[in-house]
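In what follows, chain A forms one complex with chain B and a second complex with chain C.
Coming up: the complex of A and B.
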């Protein structure tokens, strides 16, 4: 009888731990979720959204990570499926050279003007 | 219905008054004073008065829920609480534009009454430029977005206001933000007028500084309110999303902040005149540009509530007109600017203000390019890209490190020439102490990355230097110290918040428990009740923490009746160390709820530090008045 009750308790405990077990997203997963746009929402990332679309995206990302894809592979995969629109962190390519480059260019030009004003660069 | 007519005609009258004021100022400038003998001040007052009447008429229409008016029909509902009937007025495009005009004419009147110390010519030119802007916006209101359009047959019930806008903070957010946006128009007009008259000098600088401070304070406040609202209402636990509309409000703010510093150099050293003028122009242009981008609906954002290509086109045209006008004036009268070719010394206050402007302009360019580049790319090559938080974080955060260091050093330097850097050694030793301090802080978390280390060091450096300055004896520039301290506190809170935030997301049903870092979250029961215009489901959660204390959390799901929308109201327990944030969302399978629990350290300090930044501005404003 005692053995049985212990056995039962154990089962209950186990069941409880099952309800405890939530598949907590890892840091990498969160990073990826934050970088994916939820396509049916207005300007929300998959991480922030609770829509069905976002939830299924999360499942896809997890599955792909488990199957051994790297972070980059996943972005590539998402881009092939949904286009570049889905990535919040635009990749550097022909279309985005200016996007990444212009701010630095402005910074350098500004720096040159200031150095001249400060008299470091003589005309 | 009578108020529909009153409102409509009042706006038309103020349109004509706009022409009258324009003509009157023009004649007075040309010394044809005897032709018309109407007092200009009265005209300006009446223009404000008629816009005010029109505003009040719309308000009465909203209060009486007269659905014969299409704006009221689209944005109100009889069961809505009184407070939101009022805020519903500016919770839509037409009404918010009327509010914009109300503030525009009010600031115009205030400027004219308060600028008696300036020359008549300067005031007249400013009024003329103001009238061009006011005229443009009244035409925009009447022809593309008239709030007084009628609808027939008169509907019995309105469509209601978007529930996420039914919130006390969001109700006052637009007026405050608009006060900031709109008063930049005075800065713009005044700068053009003094450019024409060739009196961009230190005298003008100390006059316009009050307007700059004033709009800077309101703009900061408006952005703060919007951010607080996004934090608790959107339910994601974040406070800044690099959403296009947020970016758009930040751009004039950065430009204005640069101007606020640059104008000091103009005031004290009579230098940087042309740069100040450019900043004055760009600040206002960015404000209008913001209106264009939001109203045209070309941005994909949570905030876009009205979009109509015709409106976008009009504002775009208006924007180009303003830019064109100011450029023409700038190049015509540029030679009147007293350009000093004197170079600044390296270790002076003015050189550090220049460096401040340099970095601020870089931040501005990152945000500007990041926000509008996707639009251009889509038009040119049909390629759709998203530019989100990772982009901005990558380009902005590294540059904060030198920015913070210059920010700590600059204020303690003197104008023109500093007596060497006093206590050079102390400053370096102080920096090294901070380096160690940040190292130990990060070490205790067990996550020392060089980049975070440097950022934290630079920030703590500013933090302690401002404290040291505050405690120092002798003359102190309180406004500067408080604002800079506020900024360092803001960055510190954001860094620590980002490092220490924890969260758990799970699907739970009633009776289930969830373990989280020694906390136990129990989903006890759900209750349902009825609000004024919504039904709500309240989830009752008990959270036991490691100290054995238990707290009750009651997040809500609201189902609004008109329009039928479901929103989640987060339950937030705030303390000085951390916010505990619980939000639930319904999921398809009705027995389960999506539960998101977050611990966000130092959240309240993000708001407090922004208030401190504003407080610094207020002190400066009050001191200048005397």
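Coming up: the complex of A and C.
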């Protein structure tokens, strides 16, 4: 009985230290991690990756959040350092307007074709 | 008549897509970040590798002279190969600052004893945050900072003959 209680105590202690050691990311942190590309990995976000680069990036994001930077500030900071490519969700600007506009254009053209085929647009 | 218009539109769309994809095929698919223009050197605080003193970027890097920041680690094999280039830079008219990336201090010291210490100052970057703040990707990496405190070149990966001569051209 005594052995069992010691064993249980030990497990509880271990669990506690474990929960202290791993800082659970907040929702905002996760949102930012998911929008940052791990630049040295292939097709992974910082959230997905456990590479050295991604782990350091997470620490920097946390540090910046703590120092009062907003989500947008952090994206701007990362863009300054690594270029547009680091963001999964690029902003609309001179270089990306085609990226944002083309799907809508295709949607309209495709819709027109379908409507025409269906005879809705026929007079 | 209307059908013809659709055929023409469809055809031009096809050509458009074809050109885009064809051009995309010609591009190398390994992403290599281009440094667009000059990047302001961000402010940072760090610790001295030897004395563990706190160092502010403003005190370390001042306007009016060139700086080279080299990110290295003792566990990184390419760093070993580029070390000769760094050693030959030692007597030139700029400061070489080392950033010791995620390294064990003893191993790093052995590395420097064995191959020589070309750096005028070494900052320690135990958790890799300093290199992220500097916009580095990993080890080895070399940043060239001009007299206006702007990063004007990044050499990602080890220094070789080609980018070494480029580097010398920049800092004449």
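Quick note on the criterion: the second predicted complex is superposed on the first by the 100 of 123 C-alpha atoms of A that agree within 3 Å, B and C clash if a C-alpha of one lies under 4 Å from a C-alpha of the other, contacts with A are read in each partner's own complex, and residues count from 1 in each chain.
The criterion applied here is as follows: a contact is a pair of C-beta atoms (placed from the backbone, for glycine too) under 8 Å apart; a residue touches a chain by one contact, two chains touch by 3 or more.
Since the structure is predicted, the reported quantities are computational estimates derived from the model, not experimental observations.
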item: First, second, both or neither for A:119, with chain B first and chain C second; value: first
item: Partner chain(s) touched by A:60 [first = chain B, second = chain C, both, neither]; value: second
item: Touching partner for A:44 - first (chain B), second (chain C), both, neither; value: first
item: Touching partner for A:107 - first (chain B), second (chain C), both, neither; value: first
item: Partner chain(s) touched by A:81 [first = chain B, second = chain C, both, neither]; value: second
item: Partner chain(s) touched by A:96 [first = chain B, second = chain C, both, neither]; value: first
item: Touched chain A residues, chain B compared with chain C; value: B
item: Touching partner for A:52 - first (chain B), second (chain C), both, neither; value: both
item: Residues of chain A at both interfaces, chain B in one complex, chain C in the other; value: 52, 83, 85, 116
item: Chain C residues within the chain A interface of the complex; value: 2, 6, 9, 13, 31, 33-34, 36, 39-40, 42, 102, 127-129, 131-135, 137-138
item: Interface residues, chain A side, partner chain B - complex; value: 16, 19-20, 22, 24-25, 34-35, 37, 42-45, 48, 50, 52, 83-90, 95-96, 98-100, 102-103, 106-107, 110-111, 114, 116-120
item: Complex interface listing, chain A residues touching chain C; value: 39-40, 52-53, 55-57, 59-60, 63, 77, 80-83, 85, 109, 113, 116
item: Chain A partner contacts - residues on chain B that touch it in the complex; value: 236, 238, 241, 243-244, 300-302, 304, 343-346, 351, 354-355, 358, 361-362, 365-366, 369-370, 373, 377, 381, 383-391, 394-395, 399, 504-506, 512-515, 585, 587-588, 594
